[in-house]
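Below, subunit A partners subunit B and then partners subunit C, in two separate complexes.
Moving on to the complex of A and B:
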């Protein structure tokens, strides 16, 4: 019994980080109507910027490196928009999609150029996990889950209680109408990129503390995020959250039934099944940041 | 009209007759080497070791008076790059003998091409068991993993582990190695309590660790690479799993210890080894230090060095530069030949034998297990 409970717990933890990635991806989709393939690189940049600040000459402690790293990640996110997506905004969605694929290659290679292809670590000290009711957890896993709860709670308040959040939802419902009603597209667009960058970057940092860093880390996690977005319905923030959790749990519980060597097979299967049968997500809602 | 015939005759004199009277003044062999891409950090060392051997061959009079040369073609560390490199070496340069690329997957990508074109292919770093089946024109001076699987089984047995959990990286190399291990271990009366592959390149192996925890073994045989190995060790430590880890040579690296930290302590593994006390090794070492005083001796450099020396020996014996003659000469040259890396006698598949050493991690460093 504890075996399955532990698998479930591992799934929830992995899923909460996938949810952080998926929420940003789905928000960008909700407002700008394209899947940003370079979202994965925001994940990787978040993690690598921390590596940058904990190394010489800054030598900051890990917790202090997070804020400057996220600031730089936001700059990367905003730069993506300003120099690539904004000039293409009125072109077809396919153009934006292809541009984002190109951009993701470019950014990944920038990471390779600066930090190399080799695996890196933050060198976090090794600790034994703590055990509750026979379930073991490491402190970083606890931090991962807590961060996801805080971030998603913050997002809930932002979207439902603030003017900015409401205008964000309005824009994703109908961009043209929102524009006519005098909602500043500029401000909404900027907010979406800032949120997406913070969520992706934070998830990337958490993952890197838990495991390690490599230039491809963004791409692998993008696939999980993409599956989560499809599952929850593209543009649906809460769908992405549930989708992320679902994928984390499905992957981990799947291990009890299939061989662990085929973990990724689960997220890919979900992508294919969703695209074939329920392209609008299990909630059947089309678009809109909800 | 006469003018044209004369011109044609002149052409024919230059081109048709060329191979007959323009006997090449040197003996050139090709080499597919990773000079760019992710393996280039190793490729440079391979090239230097080959050049070191080449210098010695030429100082000893080359191949029956003719200087020997190696024509290096870059493969960008990829299978695709290896295929185009070998195609060029075979069709454009027409070399009868080519040194194959590093990394088993790259080597396996080119071996059917060499076999089909009747070109001798020799590898110095490729371990995959499948290479044995490449064909009659394919040789290697590096021991096959087949031997390593047997080595790990013997290790488990000698340490007294009758029941183990087996996990391996889910690719040709891992699966092949695991099969050999299983066969050998169970034949001697060992039991495999649980067995599962793990994906290459992942970072979260917690569910895999749970499978191990559930089986509650004393020892786990983990046939994997550095990165995957380190993550497995680390996450097992975090999950309070205490087992004896038994590993292969692909995880024997200071990087494993760096990534896994204290979790790597006490791991025991096997690796193909050769004595560093032999006069051959000492000669190689001093030759290296004389030629490259500022460079550390590269990993697998010795195998590349042996490969070139052994090839030169075979080329001297060969009746002609025809691949079939070279092939026969290689078997002849290998017979009882003891290079820097030990005995290089080829079996009927073009494979060599090996002696296996044992490594362990003690106080954060890799040392020999005694």
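Moving on to the complex of A and C:
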């Protein structure tokens, strides 16, 4: 029993990070109505920028490296929009999609060029875990969960209590109507990219502290974020959160039944099943599906 | 001289691969981002059968058939999805196929790959067989090119273009859009299977690492660069991409910079893909429109 409880706990921890990835992806979809294949690279860039700042010329401690790393990730996110997506916004859909695949490939190879293709770690000293009720948890995992809670709480306040958040929701609900009502698309667009970059970057950093970094981490986690987004219904921020948790738990419980080599198969199957039977997500919001 | 033969063989294999993707992407407007899966299925099926002792040409025919069946099986459910979601489903399918190659060791030997894949007996192994193998590839490329040109210029091909431009118009004209799409995907998969089989028998060693998203990007680049929805476009795209990809090997690059070559090449592919979408989405050979 403890074994399954432990798997469940691990799943919730992993899932809270997947939720961070998924929230950004779903926000971009909600506002701009396209799947950003380069979202995964924001995850990877966040993690690699921290590696950059804890490295030789700066040698910052890990916690101090996070802020500059996230700033750079935001710049990457805004640059994507400015130079690739914005000029293509009113072109055909396939153009945007191919450009985003090309961009993801470009960014991934920039990582390989700068940092190489090998596995890397932050070299954080392993801390002893804490144990309660027979379940073990490391401090890093506690930080992961706490960060996810804080960030998603912040997002909740932003979306429901501020003017900016309300206009963001209005745009993702009905862009044309929001535009007519005088909501600044420019401002909303920029906010979405900043938020998506922060959430992806933070998730990437947490993931890298817990495990390691590699250039393909973006792609792997993008697929999980997709699965989460589809579960929750594209464009639905809270759906993405629950979807992320579900993917994390399903994946970790799956280890008890399947060979670990097929761990990723779980998110793949969820994507396929959702696409086939409930493409609007379990919460079934109308719209958001093209 | 051998190197020229090698480049020409690759060009002709990639031409077939690109033509097959163009049939779906260019003519029917289906965003297949997992086309490499069928290339891989063709390669593995043909390789396994020929290693088991069956004649190579027969194995290749089987490879094509299996790829075609896989394509049809994927198409039936996936075609219920529209636009980007079809893209996601195919991308995920390709990753699932790769995981299958990686994990089913009893069949595929997993990450070890399959060595010693024979060429057709009348061609001969090693460098000595290269001229004849090139001839074999060129003949097949010509056959595929003429066949696809004939198909796409027929009423069937024009119906595919109507589907691409507007599904509802196609329906109004009394076409069964679903069947048209399935035919297009199945044909595309059979031809991708042929390209994969040709490649496997030429290289003589395949492993799951050969069938990643990278190959999808490469073939996507060939099609987009040449021109979607044209006959010469993908062939030209394949020639350019393979030529410049291989030409890099002749640059005088000092050994200590060797590790930068592959990422730089990847960056160039990504940049070209984005630049084409921004500046010339119709490709180098634009589609003739009446």
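The criterion applied here is as follows: the second predicted complex is superposed on the first by the 285 of 290 C-alpha atoms of A that agree within 3 Å, B and C clash if a C-alpha of one lies under 4 Å from a C-alpha of the other, contacts with A are read in each partner's own complex, and residues count from 1 in each chain.
Criterion: contacts are C-beta pairs under 8 Å (C-beta built on N, C-alpha and C of every residue); 3 or more make two chains touch, one makes a residue touch a chain.
Note that the coordinates shown come from a computational prediction; the quantities given were computed from them, not determined experimentally.
A.B. asks: Tell me which partner touches more residues of subunit A in the superposed arrangement, subunit B or subunit C.
C.D. replies: C
A.B. asks: On the A-aligned overlay, A:212 touches which partner chain: subunit B = first, subunit C = second, or both, or neither?
C.D. replies: first
A.B. asks: Contact-wise, after the overlay, does A:183 reach subunit B, subunit C, both or neither (first, second, both, neither)?
C.D. replies: Neither partner.
A.B. asks: In the superposed arrangement, does A:98 touch subunit B (first), subunit C (second), both or neither?
C.D. replies: Touch status of A:98: second partner only.
A.B. asks: Touch test for A:87: subunit B only (first), subunit C only (second), both, or neither?
C.D. replies: second
A.B. asks: For A:259 in the superposed arrangement: first (subunit B), second (subunit C), both or neither?
C.D. replies: It touches subunit B and subunit C both.
A.B. asks: If you stack the two complexes on chain A, which partner ends up touching A:129: first (subunit B), second (subunit C), both, or neither?
C.D. replies: In the superposed model, A:129 contacts subunit B only, not subunit C.
A.B. asks: Tell me the contact category for A:250 with respect to subunit B and subunit C: first, second, both or neither.
C.D. replies: neither
A.B. asks: Of the partners subunit B and subunit C, which touch A:65 in the superposed model: first, second, both, neither?
C.D. replies: So A:65 meets neither subunit B nor subunit C here.
A.B. asks: For A:109 in the superposed arrangement: first (subunit B), second (subunit C), both or neither?
C.D. replies: After superposing on A, A:109 lies in contact with subunit C but is clear of subunit B.
A.B. asks: Using the superposition on chain A as set up above, list the residues of subunit A that contact both subunit B and subunit C.
C.D. replies: Shared contact residues on subunit A (touching subunit B in one complex, subunit C in the other): 117, 259, 261-262, 264.
A.B. asks: In the complex formed with subunit C, which residues of subunit A make contact?
C.D. replies: Listed in rising order, the residues of subunit A that touch subunit C are 34-35, 84, 87-88, 91-99, 101-110, 112-113, 116-117, 219, 223, 226, 259, 261-262, 264-265, 268, 271-272, 275-276, 279, 289-290.
A.B. asks: State the interface residues of subunit C toward subunit A in the complex, per the touch definition above.
C.D. replies: Its residues touching subunit A are 25, 29, 31, 33, 77-78, 80-85, 87-89, 92-93, 95-96, 99, 102-103, 213-214, 217, 220-221, 224, 259-260, 262-267, 269-274, 277-278, 281.
A.B. asks: Contact residues on subunit B for subunit A in the complex?
C.D. replies: Its residues touching subunit A are 38, 170, 196-199, 201-208, 210-211, 213-214, 227, 231, 234, 237-240, 255, 258-263.
A.B. asks: Touching residues of subunit A toward subunit B in the complex: what are they?
C.D. replies: By the definition above, subunit A touches subunit B via 3, 6-7, 10, 14, 117, 119, 121, 125-129, 131, 136, 138, 207, 210-212, 216-217, 220, 251-252, 255, 259-264.
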